[in-house]
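There are two complexes below, and they share subunit A, which is joined by subunit B in the first and by subunit C in the second.
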Partner chain A sequence: MDRFDAIVVGAGPAGCASALVMAKAGLKVLVFERGKYVGAKNMWGGAFFGPQINYLFPNFWEEAPVERLVTRHVISFLTGKGSVSVDFKSTDFGIPPYNGFILLRAKFDLWMAKQVEKAGAILATGLKVDDLLVEGEKVKGVKIGKEEFHSDVVILAEGANSLLTQKAGLRKEFSSEDIKQGVKEVIQLSRKTIEERFNLKGNEGVAMEFVGLCTRGLPGGGFLYTNKESLSLGVVAQLSDLIKNRVKTLDLLEEFKTHPEIGKLIEGGQTVEYSAHLIPVAGLGMIPRLYRDGLLVTGDAGALLLGTGLILEGANFAIASGMAAAETVKMAKEREDFSQRTLSHYQQILKESFVLQDLETFKKAPKFLKNARIYHLYPELIVEMAEKIFRNNGEPRKGTFRMVREVLKGRISIWQLFSDVMKARKAI
Partner chain B sequence: MKVEEKLALNKFDVDKEVHITVNEEGCRDCELKPCLYACPADCFVLREDHITFSYEGCLECGSCQIACAKGAISWTYPRGGFGVCYQYG
Partner chain C sequence: MEIIVCIKQILDPDLPPAKFMVDKERNKVIPPEGIPFVINPYDALAVEAALKIKDEKGGKITVITIGDKSTEDIVRKALAMGADEGLIISDTIFEESDSFAVGYILAQGIKKIGRYDLILCGRQAADWDNGVVGSVVAEYLGIPIVTRAKDVKVVNGRVNVERVTTDGFETFELELPALITVSSELGQARLPSGWGIIKAASKEIPIWSGKEIETDISKVGKKASRNQLMRLIIPSYERRCEFITGEDLHEISAKLTSKLMERRIHE
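Let's turn to the complex of A and B:
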């Protein structure tokens, strides 16, 4: 059996990024992907943000299957009575190198993997890695059934449900407090309808986040992204909250679809797919050990993603960590030393980049985002205030501040509100 | 839209080999039955007090195993190439 410099487990963004960089440096790389084809197992919101992917594939948008650019962001507080939204449109986001790309993973991941193959890596799809091959303290390769594959280093890029990372003794068992679950439907609509309904031109697109009723007031939220000829509509909630409150994301998504605000947007659409996935969003405290002798952990498997309530970004973190792992392997190869001492360089690169710095900056976010008032009380207060401001019932008006006081009265104390605002300031 | 209708839209290449098994012994004294709420594909169903599980519509998310505090679920991914095959994702 051939020996490889590196074996990569998983061909998501983290795995593809690491394999591409290593293959380009002339290393012998083997990538295993358990899906029948690359992308078969992957779902997300979603959109890619930031320049990371462009570092990897310069001007990728010219040939990659990008659905639309994110040129408009909407955040909506949703209640049974109405909604209040912040609607941000940017002309700059529509100019290269752009800021966000709406993608469908089954198509995009396949494209990424093709680039990885072109760079010289060997891609083996439809193969699930069952175990790591360990000799003494060192990881020496992987096992698939009874077959063994040998390499100097293994890069785990297996995604959120990181079974091999756990088997390698690098993380403890997950608790339902650490994990969010996302479900989504892809709803087909004609291009023309989407562009009219969302006020878009050409390749413009919108990313929408919803807070409030879409999760019945539980921590989490709803999302909607415009693809070329479909919408991605979904809900995210904390696993522990689903269990405690005996709620299913399945039902939350059905309710979300029938909310008048959403109903209008998806009207006439045809659901063509239903998908689900985990998100490891407990922040810094959840990050496993990211390396040991002969092993590196990247992307979601390393819980390297950021959720601040306003943004959920993982793919760019996955790419950055995959690239950092590849740089580390290149260095280790030069020294012919794959011990954890050399591989610890990986952690150092992450510390110097946005990956661990963002997670540090927002380290209070996961706890803050568990505050139920954000999803339950505040959307209601905001919508009620808006209703009071705009309602004309023929009676003399009250001053705005008096009105605000009236809305808050008996629902939340000024001190509680002040304390939440201060916490928000520190957390997000 | 019912869950069966939703799952019928997905492409599955169902393996003959079962990838998740539930030890129903453990379920008997499991009061809250978290798996019922954790599974986005309704693979767990309560029938007169006992849990029945079917793996065919599984979306391979991993939630059930994390949710089950009794350790009654033995979980792995389907064999390579089998299971759900998203067309959009």
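Let's turn to the complex of A and C:
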């Protein structure tokens, strides 16, 4: 065995998905993973949405380490004075094939990698690919130190910090405007406590998102997911705004933990994990060229993820793109042609699937989400309105619309508000 | 040169303490999910010592471990580093064996392998830190042993060993075959190369049962255990901080002195 059909760089959802599909088709596949073991360096907020994992591993929830199902979504506007939440509970989401899964990546990715190995791919962990082997225009393999590994095609699934994609000349330097930074703690609590505090039963779970104070009004938000016996709690914020305002995400997370709303939920818990991650959030505009001769780019490395404020998804895009890359390689193998002409088929599959279509539908979201009012002014206005509506101070009441006008007065013009609503309509 | 290296699978010693859990009723460590076991770091150094000898003199390295099929991962790790053959000895009758029994099982396995010039072990396993197995293996095989080696060299069919002591080292010269246990002072174990991992991935790793190594059942398992674990706990540390206030230094120091007197730690 001195050469491979395909070399995959990175054993996250994108890399594992592509390796699995190719190995199952009988291709000789080699996967390199930088972490000491698969899952060691892999990080996300906490939940997976959609049927993509099920396409890879039918009925995976019967066997894979799933923490909980997402049966409840909460979106909260948070200020120092209170919060207003939308709390959606679904009975349908608790029925197979389920809509959302809360997973801990260290456990889940390790399981996924085992399936990839079983399918016949070789997994090499603890090795960081330094460079691509390029002959003329063609990518011919990868280089690690002095070692060379040859293959017909290389699939980059290296994650957000996509240095090889950059070296391959497929993307330009990132700007801090294009990136969000997330930090997360896993806080251990007993199963019973979690189920009582979040009103959950059995394998039910909740995905919570917070807007407002948790980022000190900077673009971004907070999140909380219930695992089986722990909570994933984190904050995501726009990197450029963090730099501009000299704020550290870990300080934001500490503050978030002491907010009365959150403090109650995590009380008595012990932090057992701490991690951080970069998220390429500029949408369609920052997607690199996804292929060249002998090379395909998948997952976060290709900036293939969706953030609309309401929807935050990446791993399903990663898996779908990994599978699309694998299908493309299978076709290229049949034709024995790994030139960009054949590999462009990858782009075609993505265009026909939700991956690029969703990114197209929500292409205005990244710009819209930079509007500071969403994170600062609107949460305050919403909480204040709720306060005014529910407050009984013994005085004669005013009509609801008049109260709304009073809250808005002097802080935002009707036209500004209208314009934001219209933008939101187009963006999300 | 035929070298055998005994290796053990343990919980990752780099594991953060918060991930460490104990089943108090059964006196057992609960392995955390999602964190794979690793090769005992001292054993990895024993593999390194073997590889250094092989680099210089050539030869064949066989790694051997006891455990279920999951130990395959650490055997492959040793193979990826450069060992030639791997072997797992596995049987339910070995469960809850103590260090003496483990030494016996390894010795039986090594007898079945038959040919060996040098046996290398880690000085101890980083989980229980008993440091007994190497000596027991040597005893069963009736071969000389030097423990805590920081350097192992084969010269003219003999082995020269530098043994770590509290204030330096001793030098030994032994006839082969011999058993050496390796200490952390040897240096650092090499990382597997990419091609090493690829070659190791497809290697057959035989699994021998208790019967195949002609185990005397009375010498293994819980019944044969010479020691019994009474209690397994995670130590807890209590920290307390108290601010002593007062008008002036005299008052503060007086208060401090009386506090210390109370706690009787000034003596």
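FYI, the second predicted complex is superposed on the first by the 427 of 428 C-alpha atoms of A that agree within 3 Å, B and C clash if a C-alpha of one lies under 4 Å from a C-alpha of the other, contacts with A are read in each partner's own complex, and residues count from 1 in each chain.
The rule we apply is simple: a residue touches a chain if its C-beta (ideal position, glycine included) is under 8 Å from a C-beta of that chain, and two chains touch if they have at least 3 such contacts.
Keep in mind that this is a model prediction, so the values were computed, not measured.
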Next on the checklist: Quick one: is A:S90 in contact with subunit B, with subunit C, with both, or with neither? Answer first, second, both or neither.
Outcome noted: neither
Checklist entry - With the two structures laid over each other on chain A, which partner does A:A106 touch: subunit B (first), subunit C (second), both, or neither? => result both
Checklist entry - Thinking of the overlay built on chain A, is A:Y37 touched by subunit B (first), by subunit C (second), by both, or by neither? => result both
Next on the checklist: On the A-aligned overlay, A:A276 touches which partner chain: subunit B = first, subunit C = second, or both, or neither?
Outcome noted: first
Next on the checklist: Just checking: does A:E147 make contact with subunit B only, subunit C only, both, or neither of them? Give me first, second, both or neither.
Outcome noted: second
Next on the checklist: On the A-aligned overlay, A:V247 touches which partner chain: subunit B = first, subunit C = second, or both, or neither?
Outcome noted: first
Item to check | Contacts of A:G126 with subunit B and subunit C, given as first, second, both or neither | outcome: both
Item to check | Partner chain in contact with A:T361 - subunit B first, subunit C second, else both or neither | outcome: neither
Checklist entry - What is the contact status of A:Q340 with respect to subunit B (first) and subunit C (second): first, second, both, or neither? => result neither
Checklist entry - Who wins on subunit A residues touched, subunit B or subunit C? => result B
Checklist entry - Which parts of subunit A are touched by subunit B and by subunit C alike? => result 37, 39, 104, 106-107, 125-127, 144, 271-273
Next on the checklist: Quick check: in the complex, which residue numbers of subunit C touch subunit A?
Outcome noted: 16, 18-19, 33-36, 191-195, 197-198, 201-202
Checklist entry - Contact residues on subunit B for subunit A in the complex? => result 1, 3, 6-7, 9-10, 13, 32, 34, 36-42, 59-63, 66-67, 76-89
Item to check | Touching residues (chain side subunit A, partner subunit B) in the complex | outcome: 34-37, 39-44, 104-107, 109, 125-128, 144, 160-161, 163, 173-176, 179, 181, 183, 185-186, 230, 232, 239, 242-243, 245-250, 254, 257, 271-278
Checklist entry - Which positions of subunit A touch subunit C when the two form their complex? => result 1, 30, 32, 37, 39, 65, 104, 106-108, 110, 122-127, 144, 147, 149, 188, 270-273
